[in-house]
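There are two complexes below, and they share subunit A, which is joined by subunit B in the first and by subunit C in the second.
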Partner chain A sequence: MWDSLIQVLRKEATILRRDGRAPWLLAVLGGLVLAAALSQALIVRSNLAAVDAAARAEHSRWLAQPEKYAHSAAHYGIWAFRRAAPLSIADPGVTAYLGSAVWMEAHLQNEALYRPSQDAGLLERFGALSPAVVVGAIAPLFLLLLGYGAVSREREQGTWSLTRIQAASLDSIVAGKVLAIASAVGVALIPGLLVVTVSSIVLASPDHGLTILTATGRVLLWLLAVAVYLLLISSLVVALSSATRSSAMALGIGLAAWTVGVLLMPRFAAEAAARVAPLQTQQQWTLALRRDLYDPAGEAQLESLKLQTLQRHGAARVEELPVNWVGVRLQAGEERGNAVFDAQWGALFEQIARQQTLARSGGLASPWLAFRSLSQELAGSSFAAHRDFLQQAEVQRRRIQRILNEDIQGKLERDGQRPPSGRDVWDRVPEFRSQVTPLAAQAGSWRGPLLQLLAWAGAAFALVGVAARRAQRGAAT
Partner chain B sequence: MINLEWALFWRPTANRAALVAFVLTLGGALFSGHAHLQRQQLALAQVTDHETQALAEARENARRLDSGELTSIGTRSDPREAANFGNQVMVTYAVRPPQPLAIASVGQSDLHARYVRLNLGPRDKALGSVELSNPEATLSGPFDLAFVIVYLLPLVVIALGQGIGASERERGTAFLLAVSTPQPPHIWRQRLMLRLGAVLVPALAAIVVAALMAPAATRGASAVPAWLLFGTLTTIQVLFWGGITGLVASRARSAQTSALQLVSVWLLMLVVVPAIANVVARSVAPVPSRAEFIQGLRDATDGVEARRAQVLDRFFFDHPELAHGGVEANAVPAALARLITTRAVEAEAAQIDARYSAQLNRQQRVIDAFQIVAPPLALQSAFDRLAATDFAWQRDFVAQTVRHHDQLRDFFEPLLAAAGPSPRTSTSPDAGSLPPSANPGARAHFAFPRFQYETPPALALPTPASGLGALVMALLGGVLLWRMAATATVAPRVSRPIVPV
Partner chain C sequence: MPLIELSQVTKRFAARPAVDALTLQVAPGEVYALLGANGAGKSTTIQMLLGFITPDSGSVRVAGYDVVAEPVAARRQVAYVPETVQLYPELTGVENLDYFSRLAGHRLGRVALAATLQRAGLTGESADRRVVTYSKGMRQKVGLAIAFAKGAQVLLLDEPTSGLDPHAAQEFNLATAAIAATGVAVLMATHDLMRAQQLARRIGVLHEGRLRIERNARDVSLAELETLYLAAVNPTASHAAPPAARSVA
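Then we have the complex of A and B:
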């Protein structure tokens, strides 16, 4: 089996070498992925340097505040910056369309601002390449151009019927053809993928939850997904070549399938999902948030809390309390606001997640969509990863407010003067370092695309066998 | 002759399938573009309603407070106070209405704010806020008419035209045609023109339907030239790809070779060259991270706060008429002082932002240069410009918004100055409601200036670079089609003989 497989591989490699187009095609593909990888590596490295410098400066700025009322410090706020995941060199995913920084201040969970796409113009939509796009969207076209005649040309030349009397089994012949095409493309991709691998591992930062080991693991998983994807597309190409009457027909159908699967399906799936599960507008969402946030019932709750606090301490007026009522009230306001934010942001994220799940079901009709979704999740550049960042920033915001409000609670006002706080309080706020969420904790996000990709692979491998057998029988009759 | 060619074109299932798929895709793109537009209009209608309702509510609350029907109102919510109104109660938006061709090209409009809520506070966050969207849908890109014409139409032209000459040679019928009049290259050109017509007619029909589907408010005589230009560019696109297809298909060894070569050209034009343009533009003029901008903004805020007294002195030196209560920091109304310092911070931030604008302008110059060698880039750019959905339109909107915001603040400054100094800072959690103003002129703030969007005439036409790119496409397409007869090969370009059957 293995001997014959190697023989077939050698023969197919010779055919590819003799085909004048193959070296050119592979050189173009290799050049594209290498350029995309180098360009992305520079972008990610520059992003990490800028974000780390800004995060350090932000924390220093916080610590350098002069003595002031703690609630003024709460409004002075701190920015949390989203770090690019190192593997976003392979796949920047949706990061360009999401805010890159969140302002953490009192009373409000702010939206993330400064989307890179807002600083990009036409470039964002035209010619933006990443290694994942080259591998997932462009490489299938090259696989098709290299492999559409794998079986049909043999049939046209009359050599296919000889496979019945050859020592090599049909499975070996078909597997050899699939492997030959996939490995030719794989070899062309090696320089680019090497850049991705090395850069991702080098840029990993244990301070942010990504050790060299976990980064390596993620890169290997991503490379494995690439290998499975290339093999499944090669299998589909060989199956198509086996099932069609002529090479021309295989090429025509293959190009049509590529157009639908790569160009149309992602857009169509997104549009269909937006129709089935529409998002509310920003205006609707903001108004609902403000309505809940400034609900008059909140004042009544605060009044009730005041009475309970007075009773607990046996005081008649807030001035008689052993704690600063302003601090208690501020923290109560924060907690009430937190419940509103959890409900409103949670509902919004669920709406987006629902629409995304629907759109991702298009992966059943397009392996590119399945690969794209899985790739983003592995790279840490998906919406789920962004949501994790926002949650981490919100946890930090709430921590800051609690520290500051507790400080206010502990300092009574004298002669109507607000008690100032200083460095000892600012020091209690830890530096914000966003952490990369482990893959195991995000299984809900990548399980679906992984199953889709595996289903595609299983179907493609089965299909190529069936198609080749039918082609062999057809050639014999 | 035309009947015969039409029959030859229509008989193969593949041709029919390609054409039907193209027509369906055009229909889908129209539907999708319309849905995008409807969502935008829904959001803009909500914004307008909110503005109207909020002002009516403010007037009503002011009346009830005056009449005593309402005895207290929430923190900093008394609409009779200019400071409360300008900072908290006022609801006003800068809105960019969609232009007539927005249905045909979403462009970058889904990446930017179409409406911005303004008050007297800082504007940087409001300008950065964008309509809610599923980021994966944004990543996929819009499914609109421009996408179909730029990306898919060439593939349909290739699918229908790749075999015009090669298939005749493969079958050996080219030899038979060689003795006929007209000669094969002329027949192939007619055949190609017929097929180009079959692609162009539904594309132009879709453009007409899009024009009819455009919102009633944007329809009218003024939109006709833009639609005609859109149709002309579509015709040029058909001509360009027709020319390339004609050149390749009339010379290729076989239909397969022809298809391969044409797909390679498509890949080069639509993927490789734009990717090179992208890499070159980002390398030549990298846009700094916004993390640096935020730090610049923070530095500016801290600096202005440290120089607060100087900043206020400077302001009252320029505006002595507003120094009613003295120019000492503690004598200046808090809301006015806050507005003055916010404006000072924004003036410094504008200088930092100029660095980003300069880099984006440099990137645009690189892209402009590439538009001549990558016609699809020129076409997409021209479509976005005509549809008012490109970056330049957005920047103009932001500039108009900033100008209006400055006018709004100019309007409020005397009103804030007329109020007395506030005993509490804005961050006071327990300031409570302020007493009703005794100033009879306090309600003047209800007549605050409203934003009026002005369509920028300078952006009505595609950029010179896009125009030049389109001209190159038209000339190249025309010349290739014209010269097709001279460059075509009748004899089979294979070494083995082909015997006509």
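Then we have the complex of A and C:
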């Protein structure tokens, strides 16, 4: 079996090499993925440098603020920047369409601002053609062009009967053809994938949740997903070639399938998901947030807290308290707001997750969708990764407010003068560094697409096996 | 033991019998020529022996293996040269031979490959040229070399000299005789009465799927064979009525 497979692989490689079209096709594909990888690597490297510089400058600005009332510092605010995951070189995912910085201030959990797509330059526009798009959406077209005649052309030429009569297992012959096509495209992709691999490992930073080891693991998993994807598409192409009566028919059906799977299905899945599970409009969401945030019941809760605090300390007035009541009240207000934010942001995230799950179910009809979703999750460029960034920024915002409010609580007002805070307090606020969430903590996001991709692979390998058995029967042509 | 055995084999396409109750045996070292007009059932018979077509009834055995029940074992014992041997045009003759013989489980070295091609009549630098430049005769020789390399006990030839010039056809016949001399059973479907008479030990004439005549080639001259053939394939014409098929094995 293995010997026949290797012979077929060798023979197909020789034919592809001597074929006038194949080397050109592969050179174009290889050039595309290399250009996409290089441009994406430049974009990510420049993003990382810019984010690191901005984060350092922002933290310095925070530390350099003069002595002031701590709550003034809470409103002085500070930015949290999202550092791109290094593997977004392979797949920038949805990061360009989501904000990359969050303004952290008292009382409010702000939305992320500054979407890279808003001010994308020419280089970044070309970068939209990422390695993942070339591999997932364009490479199948090349696999089809190389493989549509894998079996049908042999039948048309008459070499298939001579092959069958050699009594080698047709499973191994068909498998050899699948491997030959997939390897040819795989070899063409090597330079680009090498750029992805090296760059994303080099740009990994343990300060941001990725050691060289974990970065390498992620890249290897992504490359494994690419290999499975190329093999499954090659299997589908060879099965199609075996099932159709002519090469022309195989090419026609293959092109139609590519158009549906790559061009139509993603749009259809997104539209269908938006209709079945629509999101609130931004206006509706903001109104609901404000309604809960400025609920008059909040004032009553604060009044009740004040009474409890006075009672606990045996005081009649807040001025008699051993702690600064303003600090206590500010922190209580923050905590009440936090509960509202958790509820409203949580509901929004749930709606988005429901819509995304529906859209991703399109991966059952299109392997490109399954691969795209898995690739974004592995690259750390999915919506789940963005949500993690927002949550990290919110944790930091709450930490800052707590530090500042606790400082206020510890400093009693004298003669109506607000006690100032200085560098020692600002120093207590750690520098914000966005973290790439470990894959293990995000299993819920990548498990579905992974299962879809594996189901596609299983179905494609089964189909090609059936095709081999069908080819075993049937008259020689 | 005969290496090719067809026993009461029938195959119908859309209710029309392509092969009708055909019984035929070919012994080791024997060349059997199956004559017949287009559509007589010759190619269908060969396709059934190859296992490409399943008979509706009857039994087809190759080297003792039932081709329906044990197709892979049967194919291991069969080599096949069609009317036009189709090879990979991007590969050279040697590369084609190497590929197909390795598929059949035989690894031949460079020298053995060249010797096999030479034995089939393909000599010199032509073996290293891409097949796209080959004439039909050269392709047929590579096809025969592939059959040699396989070392099969049974060789099936389907109009192998059709379209070849007399010299190439003669060379092909000599090579076929050589392979039969090694104990291989050869079944050759052909229109070429002269080549059949020269090469075969026995000759059968198929008409509308039935074996109408079977003769020992040494017992009939070419002229007699032609008369018998015409009478068999066109019984309403003014030829003498053919005698019933009889075994001479």
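Here, the second predicted complex is superposed on the first by the 463 of 477 C-alpha atoms of A that agree within 3 Å, B and C clash if a C-alpha of one lies under 4 Å from a C-alpha of the other, contacts with A are read in each partner's own complex, and residues count from 1 in each chain.
FYI, contacts are C-beta pairs under 8 Å (C-beta built on N, C-alpha and C of every residue); 3 or more make two chains touch, one makes a residue touch a chain.
As the structure is a computational prediction, the values presented were derived from the model and not from experiment.
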First (subunit B), second (subunit C), both or neither touched by A:Ile201: neither
Subunit B versus subunit C as contact partner of A:Leu348, first or second or both or neither: first
Partner chain(s) touched by A:Tyr97 [first = subunit B, second = subunit C, both, neither]: first
Which of subunit B and subunit C A:Leu221 touches, first, second, both or neither: neither
Touched subunit A residues, subunit B compared with subunit C: B
A:Gln157 touches, of subunit B and subunit C: first, second, both or neither? second
Of subunit A, residues touching subunit B in the complex: 21, 28, 32, 35-36, 39, 43, 46-47, 50-51, 53-55, 57-58, 61, 69, 71-72, 75, 79, 81, 93-94, 96-101, 103, 110-111, 113-129, 138, 141, 145, 149, 247-248, 251-252, 255-256, 259, 263-264, 266-271, 273-275, 278-285, 287, 294, 299, 326, 329-330, 333, 348, 352, 355-356, 359-360, 373, 383, 386
Residues of subunit A touching subunit C in the complex: 3-4, 7-8, 10-11, 14-15, 18-19, 157-159, 161-169, 173, 472-476
Subunit A contact footprint on subunit C (complex, rising order): 47, 50, 52-54, 71-72, 75-76, 78-80, 82, 84-88, 90-91, 95, 99-100, 102-105, 130, 143, 146, 150
Parts of subunit B lying in touch with subunit A, wherever the complex brings them together: 14, 17-18, 21, 25, 28, 32, 35, 39, 42-43, 46-47, 50, 74, 107-108, 111-112, 115, 124-125, 128-143, 147, 151-152, 155, 159, 254-256, 259-260, 263-264, 267, 271-279, 281-283, 286-295, 298, 302, 356, 360, 363-364, 367, 377, 380-381, 384, 390-391, 425, 427, 429-430
